[in-house]
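Both complexes below contain chain A, partnered by chain B and then by chain C.
Let's turn to the complex of A and B:
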């Protein structure tokens, strides 16, 4: 028997094990998930050794790079996190990871997302939009719609309210009105995301169903 | 010189001591070291050198020399013999030159017969009066008049009180006192100045020498107490200079000494503790002592300062220490070296000790005293130990012991609590003083209106919580309907998929309008230069690899059809392998493309957004090797790549919106105008499309719909188009199910007051 056929049969069996979750949690499903997690962890370990540690740490050390000592030391300190007694030594590595990660994430979010999206909201009314050949009226309406959606969605997340004697704090009138519109845009966004997640799952189902049918037909037809 | 060993503390004492200097026990019956069985004549026999320490040997040698010194008035050395004498240690003043000083020389005890060798040494050691150079006191003595005052004060007291007792006392003068007295009897040079004026003149003219050391005063009780245990021979520093200095020491100038020890500056200490306890009056013969100065001193010193009793009686009174009312003001350091066994003797009541103290002299001579007199604090401590054997027997430090016997009765140890039974524990204050009636507080909470309003809000929230908790708890209890419903929905979806795939494969309603972001990708790929590789980054999981595969297949085919080289990397460990399968599948459809020659795999790039930032800054440093650990940038496809903007385009294949956002935020600013194309799953497309609208992403292929659109644009139907019918069917069924569910939820009454 060809090795590909064996792997195909294994894939078929594991796929059916996963489908068994339709009837609830069962040992077959647990076996399949366990195999998947174990195989993925082993594969990740091999990939990390051969494509991270060797090229980025061992080879530079062999070549005499002093800079490679820093990741070596930090990695060693990070391993001390396994010991409760020496775990504090790993805080240095954690500080480097969290600090550098936070700095990069904040800078990227500010320059790449906030400024980029604000500029895009402004450009919707600018000359750049007219170069697309679309009607200026339509571009203006689209720009207003985007602006309204952005402003009202941001207004929804303003939870400040005015206190009144004997009553619960409530938003001011304009804020309440804007947040109501913002809720509509947020619901549209969540609906789009849900639709995307649903279609992604349906696509995966189609792909697996096709695999099952083709495998079974192959086995039957030989 | 021999010593007596105390039977109690086993310490050495002077041969003429009656009591142990350390523990005050009787020494009469103890044999003398070195001459067991011999009489008093053996006192002068030297000890074997093997058993004598260095410091003791020097002291004995010095004493031997002193004992060889003749009486100043009796013997006058011959001049010719003085020239033969190499270096007298302490030259004696001739008898003719003895002035009418304040001190008298100490004569040898008449009853003691010296050995012959000592007599010969004495004869040789007598210097001639004319050969004796005047003594010049070192400058260090002028710097320390304090100790000298004490010494002279002590000497004055000693002489004043011990004039009469000196006659009766045997010759047991300590060596340091003998030396001191001999120095006083040294000859004085003739001058026109009085001794006091000369001494003051020397004080003014004297300057400290660089090599001089600080002079040491007479040994105090503390020093005397620790002297036997010390290995350092400080007595040499005090009493005798180094051998080199000994040779240079001129004969003692008696006038200078007399001026230096003049009693003008003497202040008698109020405490008798300033006097060494073991020192006893010297046997001074009446004829040797000139008491003229002492008479003057007696006139100058008040009567109360002078001791009224002889020294012997005073010493006896000191040794008693059996006066409970008198606090011990002097340090109790003589007992520092005492071990437990030193004072672990039968207890004798204090009253009996007081009686014994009166007749101590007689009992000491007869050797009948059995008990050792101890200080009051030690007596009390021993009494406590006898009554409470569990108490640790380690003697406390003298500083921690009450200085005198307290007339107050002993406090009983506490009978309860953690310190129960421990003697000496501090008593706590009375319990009634510690406790008082607690204040009474009102149970009415003083709140403001704002606090009351917030409390109401919190109460409302808590009232809503039980319903939510009940919902979470009730969910697992309704499996029958829910499970059946889930099974039915699942079977319906599977049936639809299988029906479409088996019954009508490839049947679909393809869209006529294409998404603009997908059309942009097609235009961008067509515009790519054929010589520049495209960097393709994969970051998706295996669960969505099927969707990503359908979405990207037409895109890869388009690149291969244009024979554009590709460099692939993965920010996900599984991404490289999954993308390799996709490339292989695409290459199977485009056989003209040499996948091995036109692609380079960088492998896995770890680090997330930090690694992306690093790659955008220096792509060579971030990706030094290929997946096969070959140098990446020596590959012919990448020789012209120096930075990330040298690639033809950057393609990001991801199923996570955050990952796509990281690429936009960290790498897109470094692209310098090269297109950024995103191939993504349908679930992350809504979050990434705004970046396309803002121009930060140049093209997007999102989900199976995007892949099918791209195939339609490319006009090469692929798997996406083939399975698009099944996909459309499933979407339709799910849409109908959601619609039905929503209608049912609106129509059906709510169970238990909330949505199921």
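Let's turn to the complex of A and C:
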């Protein structure tokens, strides 16, 4: 039997095992997920070794880079996290990782998201009027609608409230009013996101169903 | 016990990386670039530690303790070692190793996504039954509406100017809310990042 046929059969069996979940959680489904977790973890480990550790640590060490000793020591300390007794030794390594990660997150949030989205909210008021040919009035209305969505959705995430004697803290009246409108925009956005996820899922369902039907018909007809 | 050394290291490393975003001075970049390289190596090692913990700390432990579900742990461990050993010897780009991705990972991921679509559709109907408030109804109507828009059934509208404008406007409807949510997430990330850098939160301490 051709090796490709064997792989295709494995693929078919695993697909059917996963689809068995539609009848509830069962051992066959767990067999497929067990194989998936193990294979994915193994492949991920290999990718880390080949794409990160070899080029960024081992090759510089072989080339005699003294700077590469720091990540070597820090990585060694990080491995102590596997032991409950020695785990504290890895705190400095985690601090380097978390410190640089936090700085990257701050930079990304500020430069990538906050500045970018504020700029886009301003641009919605008609900077494209000359290029798109849309009337400035229409762009202004659209910009206002988008701005209202942005401000009220943000207001919804403000959970601060005034302390009241004998009562639970409540939002300030203006905040409560804005967050009420914000709820509408958030529901609308989540609806759109949910529709996108459903569309992607249905596309995957059609692709898998097509694969199962084609493979079985090929096996039957030879 | 809180470690002041780790907090100091996190602050110094974070400050150098953060300042490097705004001040592109050569001496600063000369320090920042190797630090980012170290962070990449450490992130890789952290990934390996997580995988080793999954295999040895969870599944091999389950096998040793002979728990009722040890059979599935055997599957995880065996498939891990087969792929790992083959991958280390042959390399991740070898066609035989790539077959693991093509014929095991991709079909299972796609099938899980397909099952998710059915589960989500069922869950959303249940959600509407239980949450019969206006927010639930807006969510449900928006879902149906964007399913129709995403399906491409309205593609004929490109020939009708009024309909084309309406479909284009419909795509803009969720943008305001999405922008608000994105800004909320970014402000949350900013606050959390600053709290970590100043040592108010110390997730690196055991």
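Following the convention adopted for this analysis, the second predicted complex is superposed on the first by the 203 of 222 C-alpha atoms of A that agree within 3 Å, B and C clash if a C-alpha of one lies under 4 Å from a C-alpha of the other, contacts with A are read in each partner's own complex, and residues count from 1 in each chain.
Just so we're on the same page, contacts are C-beta pairs under 8 Å (C-beta built on N, C-alpha and C of every residue); 3 or more make two chains touch, one makes a residue touch a chain.
All figures in this text were calculated on a predicted structure; none of them were measured in a lab.
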item	value
Chain B versus chain C as contact partner of A:69, first or second or both or neither	neither
Partner contacting more residues of chain A (chain B vs chain C)	C
First, second, both or neither for A:216, with chain B first and chain C second	neither
Partner chain in contact with A:153 - chain B first, chain C second, else both or neither	second
Touched partner set for A:119, first chain B, second chain C, both or neither	first
First, second, both or neither for A:37, with chain B first and chain C second	second
Which of chain B and chain C A:48 touches, first, second, both or neither	both
Partner chain(s) touched by A:22 [first = chain B, second = chain C, both, neither]	both
Which of chain B and chain C A:170 touches, first, second, both or neither	neither
Partner chain in contact with A:207 - chain B first, chain C second, else both or neither	both
Chain B and chain C footprints on chain A, overlapping residues	19, 22, 40, 43-44, 47-48, 50-52, 56, 100-101, 104-105, 108-109, 111-113, 117, 120, 189, 192-193, 195-200, 202, 204-205, 207-209
Chain C-facing residues of chain A, complex	7-8, 10-11, 14-15, 18-19, 21-22, 30-53, 56-57, 67, 70-71, 74-75, 78-79, 81-82, 87-88, 90-114, 117-118, 120-121, 142, 145-154, 156-157, 182-202, 204-205, 207-209, 211
Interface residues, chain C side, partner chain A - complex	3, 5-7, 9-18, 21, 34-49, 51-57, 69, 72-73, 75-84, 87-88, 91-92, 97, 99-105, 107-118, 120-121, 124, 135-136, 138-147, 149-151, 169, 172-187, 189-190, 192-194, 196-197, 203-206
Residue ranges of chain A in contact with chain B within the complex	19, 22-24, 40, 43-44, 47-48, 50-52, 54-56, 59, 100-101, 104-105, 108-109, 111-113, 116-117, 119-120, 123, 163, 165-166, 168, 189, 192-193, 195-200, 202-210, 213
In the complex with chain A, residue positions of chain B that touch it	449-450, 453, 457, 479, 483, 486-487, 490-491, 493-494, 497-498, 501-502, 542-544, 546-547, 549-550, 573-574, 576-577, 603-604, 606, 608-610, 613, 624-625, 627, 629, 655, 661-662, 664-666, 668-669, 681-687, 690-691, 693-696, 702-705, 723, 726-727, 730-731, 734
